[in-house]
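One chain, chain A, appears in both complexes that follow, with chain B as partner in the first and chain C in the second.
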Partner chain A sequence: MLGGLSALLADPAALAWLFIAIPVGMAFGAVPGLGGKIALIAVMPFIAGMDMLAGCVFLISLHAVVHTGAAAPTIMLGIPGTGPSTAVVADGHALARQGQGVRALSAAAIASGIGGLIGTLVLALIVPFALGLMQLVSYPEIFLLTLFGIGFSAVLSGDSMAKGLTVGAFGLLIAFIGIEPVYGTPRFTLGSDVLGDGIHLVTAVLALYAIPEMLIAGKGSAAAGAPTGTRRGRGAGQLAGGLADVVRHRWLTLRCSVMGALVGIIPGLGGDVAAWLCYGHAAQSSRTPERFGKGAVEGVIGPEAANNSKEGGALVPTLFLGIPGSSGMAILLVALVPLGISPGPGLVSANSELVWAMVWALALSNIVAAGALILLARPLNRIARLKSSMLVPYIYLLAMASVYISTTEWRSLLTLAVLSLLGYALLRRNWPRAPFVIGLILGAEAEEALIKSLSLWGPGFLFRPVSLLLIATLFLSLWQLSLRLKRGSKAAKRGRAHAG
Partner chain B sequence: MPLPSAARLIALTLALLCALPAVAQDSPALPDRIDYIIGSKPGGGYDRYGRLVAKHLEKHLDGVTVVPVNRGSAGGVPALRDLKEATDGSRIMIFNTGILMNELGGLGLGLQSYRWIGKASSEARVLLVATDTGINSFEGLQAEGAGLIFVTASHGSSAFIQTSLINLSFGLGLKVVPGFGGSEAEAALMKGEVQGGLVSESNVAPLVEAGVVVPLLVFGESSDPVLADVPRARSLALEGDALIVARAISALTQLGRITVAAPEIDEAALTALREAYQAALADLELRAEAEAQGMPLDPLPGPAVDKLAEDVLADSARLEEMIKIVLDR
Partner chain C sequence: MRVDLALAATFALVFAAALIELPAYRWQVALAPGLAAGIGLALAGLVGLAAIRRRHAAPEARWGTDDLRTLLWFALALGAVLLLGFALGGGLYVFAHSLAAHPRLARLPVAALCGAVVPLVVTQLFGRMLQIELYRGLLLGG
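Up next is the complex of A and B:
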């Protein structure tokens, strides 16, 4: 293990590539629509011929820090840099609008750094048990995990659970648009090829959050867009505030980091699911879930920790079993081949020092990227302090570019326009928007996992050991949730009675 | 008064744009810009080959800009349909050849009339079974395979059609379960959840080295040492449906990563594209880049691809009937 660290530190070229990879990776995260996959594709032609260690360190570091960079546009502009950062938009951007952008960025950076470190730790510790863990967790457990996530949407419903469940159900319905994943049947596509690919997450989140808020800001309303308490605390105070937030919510940071790493290990579940599951968990475990969507810092910390820890977890099947955990990891796998690496079960025994050097590079790059984001937080905050009306045209352009880059299909802009009307209506009527996105993401995952579970095990899939454990936990959580909601509604009634 | 810098930049851009037509007429048979459509999303094998070929094709087409464009929605079928309009050669396309199987199943694209520019590489398909089934030969699978779960990509995909055709024509009695895209089939095999599949040769070695699977039969040509002792489908004494299916899958795997142009493309444009494609694939720089990136090459010129495509799409009423049967199930 320490041999890997000394190999990394003793190789100036590898260290230099690590420091080159960090700004490049963060920049790919910060430009909406690009992200880790495109970053890897862009650098692949330059990898051939590089030294093995330097090349691996470069690729791992580049991919690891993308989500840290993505926090900047997500929080400051309300435009998610990558798919998983969509979970940070609601609360991160709300904090920026309240003049607490530096605090949000600082909390995001520290949570990302800790998430990355915990993900690395999981990667280092879990290798011997990776296959066993993967065997324990399969489609039935994925299905049950997604049910958990969908259940969380009730917590994110604000003042009315009925509204949250309605919006969540609508998100689920929208998730079914597209070519059905197993039997290839087109559903709700209206004969359009674009809808055949389903509704892209980045398009949906831009339509639900960025565009409606810009529509209102463009009309000159103070309801959204304009920073409301423009300068709450000086920059340095806010930086310390971000650190204090993470310390205060240390157990949430830890739980979400571990959840992210575990989701990363399971092939098929991507970073989007990890981030939104943790967003839901942050809300569900909060004493004041009604603050979510309005600037709750836990809504930044949870998904940010999961975004980065997921990368460490996803490296477990990718490097040690040769099975990529996500499409980004599939590209990483391909990019490693020209360097002379053959990912697979023999990798550790053949290249132990190299593997540990990669693990250390992952940890180091996460720390450096977190530091860089903290340093950049104050300059970036100038964007959030600009008058909203000045930003409106740029945000429209950036949102449209982001949709086009993500989908490479101009007709997706029509989808953006239609969903923006829905987002605008929800915002004006003060209906929750997060349940829609959760329904959209987890609905598709739940359906696919259910079909595969039934195909492989039949209805008996519910009796697998981990499934039984998850079912018990699910019922327990729902029971606990209903008690909390009952208490909340009694308290609200008492409050109204006092006011009356 | 000196121009402000933004105005100067705009003026310079406009001047450069105006000068473009003057320098872009060196390949008179072709337009100034060719979109090299990649019928898949960024990052996969087709994307990598498409981008590599596009980059070097431009070098061999004087004055023509070749721009790779991903159009992977609905498996690239709509992009392939739109390609018909590009009779001036302004669009060419690399696509998943599995679509040829769907064409036989009644897709109705009219692929027989498309014009082939050339092939960059091909990859054999390997039928394999989980080690813990105790089966170690194709004959063993025929005898004891009934009820085993073999997974494939979604229903209607090339992998689904091919696996189902093998199952049907060889009477294996497998349970073919669709919906396992990307690396999910390999993951399910590793975890012992399923018992087999038909996978690309590049994915076989890690599974064999891990002791997870036994390769039983190779469709197409392969030089992978892991598959050196594995029987080839063409070497089996086959007849009837099994022979038709083995031939079709082998021919399809040999077609591999092909580039196609519109059915009614101008002949001069087609000739220019075929020559440039062949020159690009012979380019030492492209070969070195492909080798460094672990991308094997197995180039074939357009007319030879024509012949292979004809073999796959040749009138075989029985093959079409079988494809329709497996798609209807």
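Up next is the complex of A and C:
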């Protein structure tokens, strides 16, 4: 273990690449539509001639810090930098609008750093048990976990669970547009080759979040853009406030970090599930769940911790079994090959020092990225304090460029326009938007898991012991959460009545 | 306009259309969308009924000329990019928006500066540094 650290510290090139990877990775995270996968693809041409250790450290660090960088546009502009950042946008941007953007960014950075460290620790500790855990979770459990995510987002959607579930079902249906992967059947494509590829996640997220927020800001409404609340504390005070928030919610940070790492280990679940699962958990365990979506700092801390810890967990199947835990990890797997690394069961015995150096690089890059985000929090806060209508045209263009980069298809801009109109209507009428995105993200995974479960076990797949346990947990959690939300909103109404 | 009702009706229409198309597929292809559309249709019906029962729409539920103007500005951005691409169309859009948006944001030189930033970013940052060629517009050769 320490051999890996000394190998990393003794190699100046590897250390230099680590420090180059951090700003590059953060920048890729900060531009919506780019993200970790594009970052890895973009650097692949430069990897071929690199030293094995330096190349590995560069790739691992680059991919690890993407979510930390994504926190900046997510919180300050309300534009989710990456898919999992959608879990942070509601509360993070609400805090920024209340003049507490530095506090939210500081809490996000510290939670990300801690999450990354715990993910690394899990990666280091879990190796002997990883195979057993992966065998325990199969398609039925993946199917139920995806339902878990949609159910939570609907319950957290505000006054009407029916509206949340309707929007979630719509998101699921939109996820099924395109060529069905098993039989290759075109589904709901209306004969168009653009719809044949399905609706890209970046298009949907930007249409549902960024564009509607900017449309409201363009109207000069107070609902988006420049902070509307009183500025609570100066920058330094807010930085300390973010730290205090993480200390106050230390057990939540710890729990979400461990949950994120465990979700990361399960191949196919990915960061979106980790982030939303932890957002739901943060709301469920909060004393004031009714504040979620309106600027609850726990809604930032939970998903941010999970986003980064998931990276450590996802490396377990990728490195030790050669099974990528997510599409990003699949690209990482491909990028490691030109360096002469063959991920798989024999990697630890053949290259133990290299594996531990990668583990240390993961930990170090998370700490440095968290520090960089804290340092950048105050300058970034100025962006949030700009007159929102000044940003509007640039954000329209940035959103459109992100969609074009992700799909390389100009007709996707028309899809963006249609979905933006829907997003605007949902925002204007206070309908929840998160369940749509969750449905869209989890739709393909839910379908694959459902069909495979039915093929392997028949309808009896729901009665497997782990499935029964998950179903019971799902219903109990949703029931408990909705009860707490009802109590919370009643208490809030009473409070408002007293204040009035 | 009752936006809640319109939203519920739109969702219900999409779910119903999906359900109508499903019998053409084999069960493995139709099952998941069928479940989503079936459940969604029932829920959209419930939400629609609730919206009908509420007789009076809240004032914020009504859409006015402000909404129309905002949406038109977005449509203009989309049109400019689709026709003239990100560099030229985007630059012209930012220039026009800075100059004419309500409330007025900038005078002519500032607006021109704001607009000029866009082609620079598109060609230098995206084109040269990141090697990403952004869309050049229908009129300029795609």
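Basically, the second predicted complex is superposed on the first by the 466 of 500 C-alpha atoms of A that agree within 3 Å, B and C clash if a C-alpha of one lies under 4 Å from a C-alpha of the other, contacts with A are read in each partner's own complex, and residues count from 1 in each chain.
In this section, a contact is a pair of C-beta atoms (placed from the backbone, for glycine too) under 8 Å apart; a residue touches a chain by one contact, two chains touch by 3 or more.
Only a predicted model underlies this, so the values are computations on that prediction, with no experimental measurement involved.
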| item | value |
| --- | --- |
| Superposed partners chain B and chain C on chain A - clash or fit | fit |
| Partner chain(s) touched by A:394 [first = chain B, second = chain C, both, neither] | second |
| Chain B versus chain C as contact partner of A:456, first or second or both or neither | first |
| First (chain B), second (chain C), both or neither touched by A:23 | neither |
| Touched partner set for A:431, first chain B, second chain C, both or neither | second |
| Which of chain B and chain C A:343 touches, first, second, both or neither | first |
| Touching partner for A:193 - first (chain B), second (chain C), both, neither | first |
| Vertex chain A angle, Cα centres of chain C and chain B, expressed to the nearest 10 degrees | 80 |
| First, second, both or neither for A:211, with chain B first and chain C second | second |
| Which of chain B and chain C A:183 touches, first, second, both or neither | both |
| First, second, both or neither for A:334, with chain B first and chain C second | first |
| Nearest Cα pair across chain B and chain C, whole Å | 7 |
| Those residues of chain A which chain B touches in one complex and chain C touches in the other | 182-183, 451 |
| Residues on chain C engaged by chain A in the complex (per definition of touch) | 3-4, 6-8, 10-11, 14-15, 18, 21, 25-26, 28-29, 31-33, 36-37, 39-40, 43-44, 46-47, 50, 60-61, 63, 66-67, 69-71, 73-75, 77-78, 81-82, 86, 90, 93-94, 97-98, 101-103, 105, 118, 122, 126, 130, 132, 134-135, 138, 142 |
| Residues on chain B engaged by chain A in the complex (per definition of touch) | 41-44, 47-48, 69-74, 78, 149, 154-157, 177-184, 186-188, 190-194, 205-207, 209-210, 289, 292-294 |
| Touching residues (chain side chain A, partner chain C) in the complex | 42, 160, 162-163, 165-167, 169-170, 172-173, 176, 180, 182-183, 185, 187-188, 211, 215-216, 218-220, 387, 389-390, 392-394, 396-397, 400-401, 404-405, 410, 413, 416-417, 420-422, 424-426, 428-429, 431, 439, 443, 446-447, 450-451, 454 |
| Of chain A, residues touching chain B in the complex | 37-38, 40-41, 44-45, 47-49, 131, 134-135, 138, 179, 181-184, 193-194, 196-197, 267-268, 317, 321-324, 327, 330-331, 334, 337-338, 342-346, 408-409, 448, 451-452, 455-456 |
